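Please go over the structures that come below.
Common to both upcoming complexes is chain A, partnered first by chain B, then by chain C.
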Partner chain A sequence: MEIYVLVKQVPDPEAMVKVKSDTELEIENKYFTSYFDEIAIEAGLKLKEKFGGKVTVLTLDNRKVDALRRGISMGADEAIQITDPSLESSDQFTIAKTLSAYLQDKPFDLILAGRQAMDDDAGIVGPAVAEYLGIPHVHSIVGLDVNDSKKEAKVVREVENGKENLTCPLPALFTCQKGLNTPRIPLVMNVMKAMKVQIKKVDLSSLGLNPGDVGSLGAKVKVQKYLPPAKRPPVKMIKEDFPDNVKMLVKLLREEAKVI
Partner chain B sequence: MSLDFSFTEEQEFFRQTVRDTVNRLIIPRVKELDEKEEFPWDVWKEFASLGYLGLRHQEKYGGMETDTITQMIFYEELARGSCGFAMSAIMQILMGTYFIARFGNEEIKQRILVPAIKGEKIGTICFTEDQSGSDLGGTRTLATKVDGGWRINGRKQWVTNGPIAEFATVMATVDTKLGLKGLNFYLIEKKTAQRDGFAVGQRLHKLGSRCSVTGELVLDNVFVPDENFLGEEVGKGVQYAGDILNEVRVMTGMNALAIAKEAMEDARQYANNRVAFGNPISKYQLIREKFAKFWAWYEASRTLLYRCAWMIQSKIPCTNECMLAKYHSTEMCMYAVEEAMRIYGGNAFCSEYPVQRFWRDAKFLLYGGGTHEVLCDYLGRIYCKD
Partner chain C sequence: MPNDIWVLAEHQEGKVKKITFELLSAGVEFSKKTGQKVATLLLGTGLEEAVKSLTPFTDEIYLLDDTSFTPYTSESYLTNIASLVREHQPSILLGGATSTGKDLFPRLAMHLQTGYAPDCTGLSMGEDGKLVAKRPLYGGKVFAEMIFSEARPQMATVRNNTFLVNDKVDKSAKVISIVSQMDPSATHKKVIGFEKAAGAKLDITEADIVVAAGRGIKAPENFKIMEDLAEVLKGSVGTTRATVDEGWRDLKDQIGKSGKNISAKLYMAFGISGAIHHVLGITTCKTVVAVDNDPNALIFNYADYGIVGDLFQIAPALTEELKKLFSSE
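Here is the complex of A and B:
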């Protein structure tokens, strides 16, 4: 099977993120591979182990390639970085357009992606790539069983109060949800391989795209303003004695915090 | 001359990968490992299966042949998870297998080194005795030449992994009167040595690094065949030990670096949340000073340690620098864990918070690679050109 996995390097949840200006964030230099993408890589590797073939990790990022190295260290065969100065300030749609431009002439059976990136939590790129490519997609799967000879996959996804079983013809795109698998811990042998791997770089001109189609120029979503989270209000001490303090607590939870 | 202190993108990736591995394999278990005070076989097996035990050994034996800086990054990140587990793993990677890889014949390497790299056979090295440790010249374990090999008699103490080791590199003297000039290394294999007088003695219950099992090994007329003599020439043991001591000292410093950082990161979070007199205690200058001092000393230690790693890698003589780095980083660590305990106030005194574990673990680092009293005496003498 020919499998592509879309991956993204995201800020570590422990990284300090500050609002630098209305449209700019200052992010501490601590990044890691989005966890849902690791689940997608693991799913791809399991299929490769079963059916043979090749797993390629693909990212669109001008700076960070550790997600690609992570993919190689887990066992992926090839790593591709789409990079071009005009891709700066891309939104989810221009990212999807660029990724699909790369993928459109590739002989893939399956594209896997995380259900959402762990920084913007948008969950758009995966489905949008499928739309641009005109292939079916299923979002947020927790089960995957491929029949390679029939070129179809049975997938499971969680729905409210239950699970939904679907059959989907291949090629298709699935986004992967927690529960599908547990991503493997890389063997040090593969880590060494990942440290030395030649990452294939692809620029915009080779994709037949114009700078006006992508990046900030082609983006449908424009950041108007970043706002930091509101500061926590000071602790309110309830001064009344029992049982009045309980009544006061319930009143505050209901009327001020509005949580009950 | 270029002066570049940055890590490469590949080294940063390696660090992140080890960090992630430690976060997943070790950190969720660290409290339990400390409390149980047992060797964590399940963690060991999973960790060994990833291949890290071969980090510095040749590929043909299953190793990775990484460079010194990569190894030091690994030691730093591993100790961040659990100092005890790091002690056991680093014993296997570095001291416990070094002389076998260097002097063992091919048959020994296949029999001992290959399974050691897979984590199937646990190894150790034994220097310390009741009257010798940093003072290796005081070694009393005696190696007597006999037909086809040697007979070893003595008791070794403070042996990391000792109670579970399948093989041990033992330092012994051919004559106690020769001091440092009589010392050699001998490979003792438990399976065959047990037929003679090899036995595990008392197991120690330690203040910290508790999941690394430590104890005494008793050698009562144990026969060691000639091929298990680890060296090219009799009496060169101290010289051979010196060849690895720089790495051992910088490695110890890396452990100190990791514990110090973990302790102070933990204390920082606590200080930002613990409110006293209406403010988080991190708003008070006396608390802030602790962080400022730590930060300055931590950065100095880190720079010095990685400079030493670079010097070892570049084969630049650096014995004094490595001693300074070990001394500075471990003292910095003592400061960090002590001040972290003070920042925690009374809460430091209960096992609910990890800060007491950092404090206990850190103390173990004062002794390996030479006590600070011995190091300082030597360094002072060198500085004064005495």
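Here is the complex of A and C:
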């Protein structure tokens, strides 16, 4: 099977992120591979182990390529970085468009991505790439069973009141959710190897795209203003002894917070 | 005057979900400034009850009654909604940040070549009909106000419990029946089965009240205490990554960075230390209560009310106290 995995290097959940100005953020230099993307890589590797073929990790980023190295250290065969100065300030649509322009003439059976990147938490790029490429997609899968000879996948999708089982013809795109698998921890030897691996760089002109189609020029949404989260008032500790503290809590929830 | 505001209705077994009424209430509020019409897209089968409940909230209902919409798949929804959008050119299209919204909206936006702001926790609109969508980034460490290019419609999905439902809206919708256009051979995906989650409770993203326990509850069977409390509050039970990883609770109930973001009216955390992974999932909850036996637990920094105490003592007592209160009314 020919499998592509869309990956992204994002700030670690523990990294400090603060508003620097209306249009700028300050982000602590503490990055990792978006966790859901690791689940997607793992899913791709499992299929390769079963059916043979190749797993390629693909990112769109002018600077950060460690998610590609993570993919290689886990066992992916090839790493591609789409990079071009005109890609700065892309929104998710121009990202999807650019990734699709790369993928459209590739002989893929399956494209995998995380359910959402753990920075903008948008979850747009996967389904948008599928639309651009004209292939079906299923968002947020927790089960995957491929029948390679029938070119069909059975997937399980999480919905509010349960789990839905679907069949989907390949090629297709699935976004992966926690529960699908546990991503493997790469061997130290493979991490060393991944540090040295050649990352193939692809620029805009080789994709047949114009700078006006991508980056901030092609974007359909933009940030008008960053805001810090609304601050909660300081916590009110209920200091009465048991059981008076419980009675006090009920009183506060009813009379002050008015939520019960 | 800008073109209409559209809301994609969500329903389950004919019952319209609360988020739809929230979005319609917001849409009606916006329309007071701009004079826009508020229309609802309703797709499915057996929709009499749904039409009835939506009628006071909206000027028009585009009704697509067809078996191809039940259960949901993106293909049939996308084909029909895209065609209606092209015909009527709404200015705004809103939906819930639900499993359907998150599956459909990004693809539909790409199809329509228009802007989409996902998982919003606030919307506002100027008199010119330009939407400003507020959404959390980096798990709620910062928020962004998003604006849209000239492309229309401006699309957004919105989290549950973002707007109040305005019961005083008194419209009488005109129902416009639309014949579904679908080439059955074009359907790619097929739903072949459904495993309903145990219990009849609302999903933690949909519930007004969520009570949760973490590893502090010591054993999976002790979640009974939480179930009992949720029962009296008509709420749902959430949990932390630790208990899910232990296999004590189902992944669908996990709150936090690798689980779900909730916007409950009331969230109560029992025996939860307050790891950043968890509290990132509760940033938009209105009122937060924390109970933990460690006075230095980080969770107290994110709470409105705190009790230092033993959850095994506090939670059952709270359940009893609430039972007394509610039965006296």
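Simple rule for what comes next: the second predicted complex is superposed on the first by the 235 of 260 C-alpha atoms of A that agree within 3 Å, B and C clash if a C-alpha of one lies under 4 Å from a C-alpha of the other, contacts with A are read in each partner's own complex, and residues count from 1 in each chain.
Rule of thumb we're sticking to: contacts are C-beta pairs under 8 Å (C-beta built on N, C-alpha and C of every residue); 3 or more make two chains touch, one makes a residue touch a chain.
Bear in mind that the values here come from a model prediction, so they are computed numbers and not experimental data.
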Check: Taking the superposition as given, does A:Gln9 touch the first partner, chain B, the second, chain C, both, or neither?
Finding: neither
Margin query: A:Thr59 in the overlay: touching chain B, chain C, both, or neither? Say first, second, both or neither.
Written below: neither
Margin query: Taking the superposition on A as described, I'd like to know which of chain B and chain C A:Pro186 touches: first, second, both or neither.
Written below: first
Note to self: Output check: A:Gly162 vs chain B and chain C. Expected answer is one of first, second, both, neither. What do you get?
What the structure shows: second
Margin query: Touch test for A:Gln81: chain B only (first), chain C only (second), both, or neither?
Written below: neither
Margin query: Quick one: is A:Glu131 in contact with chain B, with chain C, with both, or with neither? Answer first, second, both or neither.
Written below: second
Notebook entry, point to check: Between chain B (first) and chain C (second), which does A:Ser90 come into contact with in this model arrangement: first, second, both, or neither?
Noted result: neither
Notebook entry, point to check: Can A:Phe32 be said to touch chain B (first), chain C (second), both, or neither?
Noted result: first
Checklist line | Superposed model, chain A: greater residue contact from chain B or chain C | finding: C
Notebook entry, point to check: Residues on chain A in contact with chain B in one complex and with chain C in the other?
Noted result: 235
Next item on the list: Sort out for me which residues of chain B touch chain A in the complex.
Entry: 9-14, 16-17, 20-21, 24-25, 49-52, 54-55, 64, 66, 275
Next item on the list: Provide the residue numbers of chain C that touch chain A in the complex, in ascending order.
Entry: 12, 71, 73-75, 98-100, 102-103, 106-107, 109-111, 113-119, 132-134, 136-149, 151, 188-197, 202-203, 205-206, 209, 233, 251-252, 254, 257-259, 261, 265-266, 276-277, 280, 283, 286-290, 300-309, 313-314, 317-318, 321-322, 325
Margin query: Quick check on the complex: what are the chain A residues that touch chain C?
Written below: 11, 13-14, 16-19, 25, 27, 35-36, 91-93, 96, 118-128, 130-132, 136-140, 142, 154, 157-169, 172, 178-179, 219-229, 232-233, 235-238, 242-243, 245-247, 249-250, 252-254, 257, 259-260
Checklist line | chain B partner contacts - residues on chain A that touch it in the complex | finding: 32, 65-66, 69-70, 73, 185-189, 191-192, 194-196, 235
